[in-house]
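After this come two complexes, each holding chain A, first together with chain B and then together with chain C.
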Partner chain A sequence: MRWRRLKAIAVKEVLQTWRDPRSLMIALLLPFTQMFLFGYGVNLDLQHLPICTFDREGSQLSQDLLKHFQASLYFAIVHNVKAYPEIVAAIDRADCRVGIVIPPDFSERLNDSGTASVQAILDGTDDNTANIAFGYAASVVSGFSNDVQLSWLDRQGRTLQQVQPMTVQSRVWFNEDLVSRNFIIPGLVAVIMALVGAQLTSLTVAREWERGTMELLVSTPVQSSEVMFGKLIPYLMLGWLDAAFCLVIAVLWFEVPFRGTLLTLFLTTTLFLAVVLSIGYLLSVVIRSQVGASQIALVVTLLPTTLLSGYVFPIDQMPSFIQDVTYVIYSRYYVTIIKAIFLKGAGISELLMPILFLVVYAVAVVALAARAFRKRLD
Partner chain B sequence: MFARIRPIVIKEFLELKRDKGARFLLVVPPIIQMLLFGYAASYEVYHVSTSVLDLDHSQESRELISRFTSSSRFDVVKVAQSQYEIDETIDTSAAAVALVVHAGFAELLRKGQAAPLQVIVDGTNSNTALIALGYVNTIAAGFAQDYLTDLTRRVQGAQGMRQVQVTLEQRPWFNPDLNGRWFFVPGVMGTLTLVMIVNLTAFAVVREREVGTLEQIMVSPIRPAEFILGKTVPFFLIGLGEVALVVAVGLLWFRVPFVGNPFVLLLGTALFLLSTLALGLLISTVCSTQQQAFATNFFVLNPFFILSGFSFPIASMPQVLQWFTYLNPLRYYLIVIRGTFLKGVGVNVLWPEFLAMAIIAAVLLTLSILRFRKSLE
Partner chain C sequence: MSGSETADAQIVVDNLVKRFGSFVAVDHVSFRVGHGEIMGFLGPNGAGKSTIIRTLCGLLRPSAGRVWVAGIDVARDPERVREHIGYMSQKFSLYRDLSVEENLRFFGGIYRVPRAELPERMRFAIDMAGLGGREKTLVATLAGGWQQRLALGCAVLHRPPILFLDEPTSGVEPTSRRRFWDLIHTLAADGVTVLVSTHYMDEAEYCDRAALINQGRLIAIGSPEELKHTALGGELLLLECEALGPTLAALRQAPGVIDSSVFGNAIHVLVDNAERSLRELPAYLEQRSLRPSRLQRIDPSLEDVFVRLIAADMVKRSEAA
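And then the complex of A and B:
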């Protein structure tokens, strides 16, 4: 491999990209559009969930309970209905996600036996929202329960002992406020890298084939490894630039905590870029058509990176055969790494295993791509 | 007019018939994506990997821990001997939740002072963490309640101690087990249809432009509106076939119940297909190469996907983005498809969605016909 020839190819590639503003725009705009779209659009934290209430008793106590719901940040009471069919209609129209129904004998039961129950009708079509909303509603009700208990004890002149025999002291690590953005944005960096990397490179060799310039390249003394690295290096730099954009937006705009070191991030990102760039290159060598290569590149990078990498959907909750499949998804390792760098502040020593997997992957794909190209020239 | 549209329709079908690759792309990728999405996309938390540390070694602490071990929601992966080991399980992600019972737990409990159960949660995935915390709280509350009842019974309520307990009963409608697949699979159907149809339509027109056959069609007596219509009809039919395919996978493979009226779904699907076709046509009028169409599609479809309520609740988005979702046909179609599948609602509930999709389709179709005329000049 000669440095001079390598540089010539790289310069040509840079010029070509520079003069094709459309693909350059894609590469440079993608981090911004994706980051802002996902950063704002993807939010799994529930707040002000629309609920409707049906107070069949209308007593002091039942109104008191509803006040607890009103005071909660998680719920917004949008309807106070007077009849059951109204709840049905509201949930059918998806106007509200939860209906709280207080039975007509609520305070009577509470006074007589000390126990009473309230119904939460959940719109189960969105199971995740239903689950989380029920958890919040249950804690609102238990808060109410405690308040009633306290006021009764107060009247009896007793102390607070034995009200709560046990408490749960929870401490959340790494994402202390449980903000979904904090884990989605680091994962998004992986998605953007995969997209930019594989998309741009998948076009590069295919374009030469389509335009017939490949014949020209072959007739020059340039070697196939020089073509490959010469073509990949400009895109690697573009990838770095995009990664830097992502990091800046994530940390400065969305205030995602960054606890690791830049060096770890740089090294692992470079590794990941090596993998996706080589995959794009490999595809464009094999497929030879720009549209075909970029379409397949989209399928092999975007789909597995969004679905099977653990970027939003937790891998350990998937059926076991899907979990087995995720081991061959390279982005799985990078998503693990990047989340650990951002939130846990992990260094290279903690991330040895996933890094090793990425290294193996990178070496294999680079070797494959180099081989495929050599064969193609024959 | 019909005489001029018919040849275009026949031409499109002939093209498809002679293109083996295109037919393959119509059938296989949707099925694979349905399966992949159906299995992988879920926020459900079935089992929480848990590590436990009991520093109290009392009857009470063992009882509490055993409630977690016997729960199907918690998988105890490690019984730690020290705080260091506990911290390590969270650091290495071996466990998502760690439970620590400190020495003196039983003593505090017997004294009637709030005895703490310490819980450490890996918050990296905030959604999973939140659900896991909910499970922990439920089990802990059950334990506390039972302990209290037991205690009051033992002291025979000497001082007339009354226990107040208000419980919340869960009544999930439409999806009694809160099965995540029932939520995602219908959503995937809508999303896949959107992507397939917009891609197909955009590429079909751009290809003609790129190959140069569009010029030939234009010198024929066909009018732009007729050409657009001729292009739309085949893809509309193909779209119906696609929807039938993904619905079949959802019903037969994932066993998602269909409680609604198939005709309501059909009507909604027809309106949705019209708006996606129009979107594809519109994209094709601004692109001159397939490459550009491909990039444009990606930029257009991605926001549609995110801002549809497919997996990210619209109610949690900032107000401005919520306004944008009203322009998105997928938003309405997802309501229709989930409404007919799970809720069994009819036109009386879904008419605003139908109306919105019809308006979007009309506006986009008009725009694409106008733009198409322009791009010819």
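And then the complex of A and C:
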């Protein structure tokens, strides 16, 4: 391998990328738009969920309950309606996701038997939101019920400890506020790296075949390893740049905690980039068409990284055979690594296993890509 | 000059066969090109010219037969051959989104032209292509003739002793074509061996030797003079007349006439013996009420030779089939 030839290829690649609006968009604009789109768009926290209430009793007690809803961070009361059909209409119009109905005999039953029911009408078209909303609604009601119980015990002259001898107090580590953004954005960096990396290199060899420049290139003494590294190195640098953008946006804009070291992030990101860049390059060598190679690059990088890496959807909740499949998804290891670096401040020693997997993957794909390129036309 | 006899042949092709599936693109072709010789490849599109050149550059593997370039067996060691050759492919293959200078610097790097020498070699290529003052121009915006001359400049940047030029003048306007051939002659005078293909028959005149290729087979090879005087297999008459069609039909039956074909508004008649036909043909045509306004002996052009040879080759093939 000759440095001079490798450099000639790399310089040419930089000039071509710089003059190609499509490549520039992928390299520079995509990370930004993806970061903001997904950073804001993928949000599993429910806050200020619009609800409407139908208080059929209108008593002090029922109004207290609704105040609990109003005070909760999870809900925002947008309508107080006077009839059932109005709830239905509001849910149909998607003005609200939940309807809370307090029965006309609410206080009466609570005072008589100590229990009363409240009706929650949920918009089940989004069952995930509905489930979470129901959970929140239940916790608001149970909070209210505790208050009621407390004041009842007060009147009886007893204290809570006598009734509830044990309580669970949970404490969450690493993402103390359980903000889903803190959990999603580090994984999002992996998604963006996978998307951008493979897209750029999937164009690079195919472009030369399509434009006819490859015929001349293969007639020169250039070696296939020089072509490969000459083409990968500029995109590796672009990948570093994009990773830096993502890091800055994650930490400064979305205020995701970054507890690890930059060195660990740099080393592991380089490994991951080596995998995705080589996948794109390999596809470009084999398919020889820019459109074909970039489409397939999307399928083999973005899809598994979004769905099977544990970036949003937890792997341990997948069916067991899908869990087995995720072991061959290289992004799984990087998502594990990058979340651990961001949130736990993990160093290389704690991440040895996933790093080892990435190394094996990177070596395998680079070797495959180096072998795939042939300096022949037949 | 006859390069086939020279001992230091730079290119040796021995019974080359190239098949793509069941299609035979090159069919047992053999020839040699001597040091500093300009060998022209002529033939219609799809004759197999590009396939032979690509095989010589090590881009295609021969199905049978052997090929040596600069004394190196191309099939065995294509990488070493590539150090010795410059190649201009049929399709323009410089980087259109790079400037003149950037393309030259790129190929200078790829061929590892010594750094100290590179500025002077780039200057040479720019001057040769007539691109002085346009060093920063993107190649995409250059006219065809300039692009082709720059491609030649990139191909000779590393001073290769052997040049393969695949239809370098196709799609280039006539004055640029002429200028391009002048460049080829300058390079050959410096000892560069050039194998150049073209589908412009008149360009064969610029070559030391020309090989005529049709449907994958070499049907004639020699200097332009040799081809004109021996390959035709007869002598040529020019006939001008009013009724082209009936005259052509009559000539085909006439004694001593081997072949006749329309060239523009005249007929070229290939005969065994020009003097006898000049005496006998007017009477023969007169019997059929045909009166040529002009009948004279002419020197055959290479185009006559090639048209005749390709037609004869087609007849031979259809008879064989």
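By our rule, the second predicted complex is superposed on the first by the 358 of 378 C-alpha atoms of A that agree within 3 Å, B and C clash if a C-alpha of one lies under 4 Å from a C-alpha of the other, contacts with A are read in each partner's own complex, and residues count from 1 in each chain.
The rule is short, and it goes like this: a contact is a pair of C-beta atoms (placed from the backbone, for glycine too) under 8 Å apart; a residue touches a chain by one contact, two chains touch by 3 or more.
Remember, predicted model here, so these are calculated numbers, not experimental data.
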| item | value |
| --- | --- |
| Overlay on chain A: chain C relative to chain B, clash or fit | fit |
| Contacts of A:R211 with chain B and chain C, given as first, second, both or neither | second |
| Touched partner set for A:L303, first chain B, second chain C, both or neither | first |
| Dominant toucher of chain A (residue count), chain B or chain C | B |
| Chain B versus chain C as contact partner of A:R19, first or second or both or neither | second |
| Touched partner set for A:K7, first chain B, second chain C, both or neither | second |
| Minimum Cα separation, chain C to chain B, after superposition on A (Å) | 15 |
| Complex interface listing, chain B residues touching chain A | 29, 33, 36-37, 39-47, 49, 64, 90-92, 96, 109, 112-131, 133-134, 136-138, 140-141, 143-144, 147-148, 151, 159-176, 178-180, 182-183, 290-292, 294-295, 298-299, 302-303, 306-307, 311-313, 315-318, 321, 335, 338-339, 342-343, 345, 349 |
| Chain A to chain B touching residues, read off their complex | 22-23, 26, 33-34, 37-38, 40-50, 65, 89, 91-94, 97, 110, 114-132, 134-135, 137-139, 141-142, 144-145, 148-149, 152, 156, 158, 161-162, 164-176, 178-180, 182-183, 203, 290-291, 294-295, 298-299, 303, 307-308, 312-314, 316-319, 322, 339, 343-344, 350 |
| Residue ranges of chain C in contact with chain A within the complex | 20, 54, 57-61, 78-79, 82-83, 85, 87-89, 91-98, 102, 105-112 |
| Contact set on chain A toward chain C in their complex | 2, 4-5, 7-9, 11-12, 15-16, 19-20, 211-223, 375-378 |
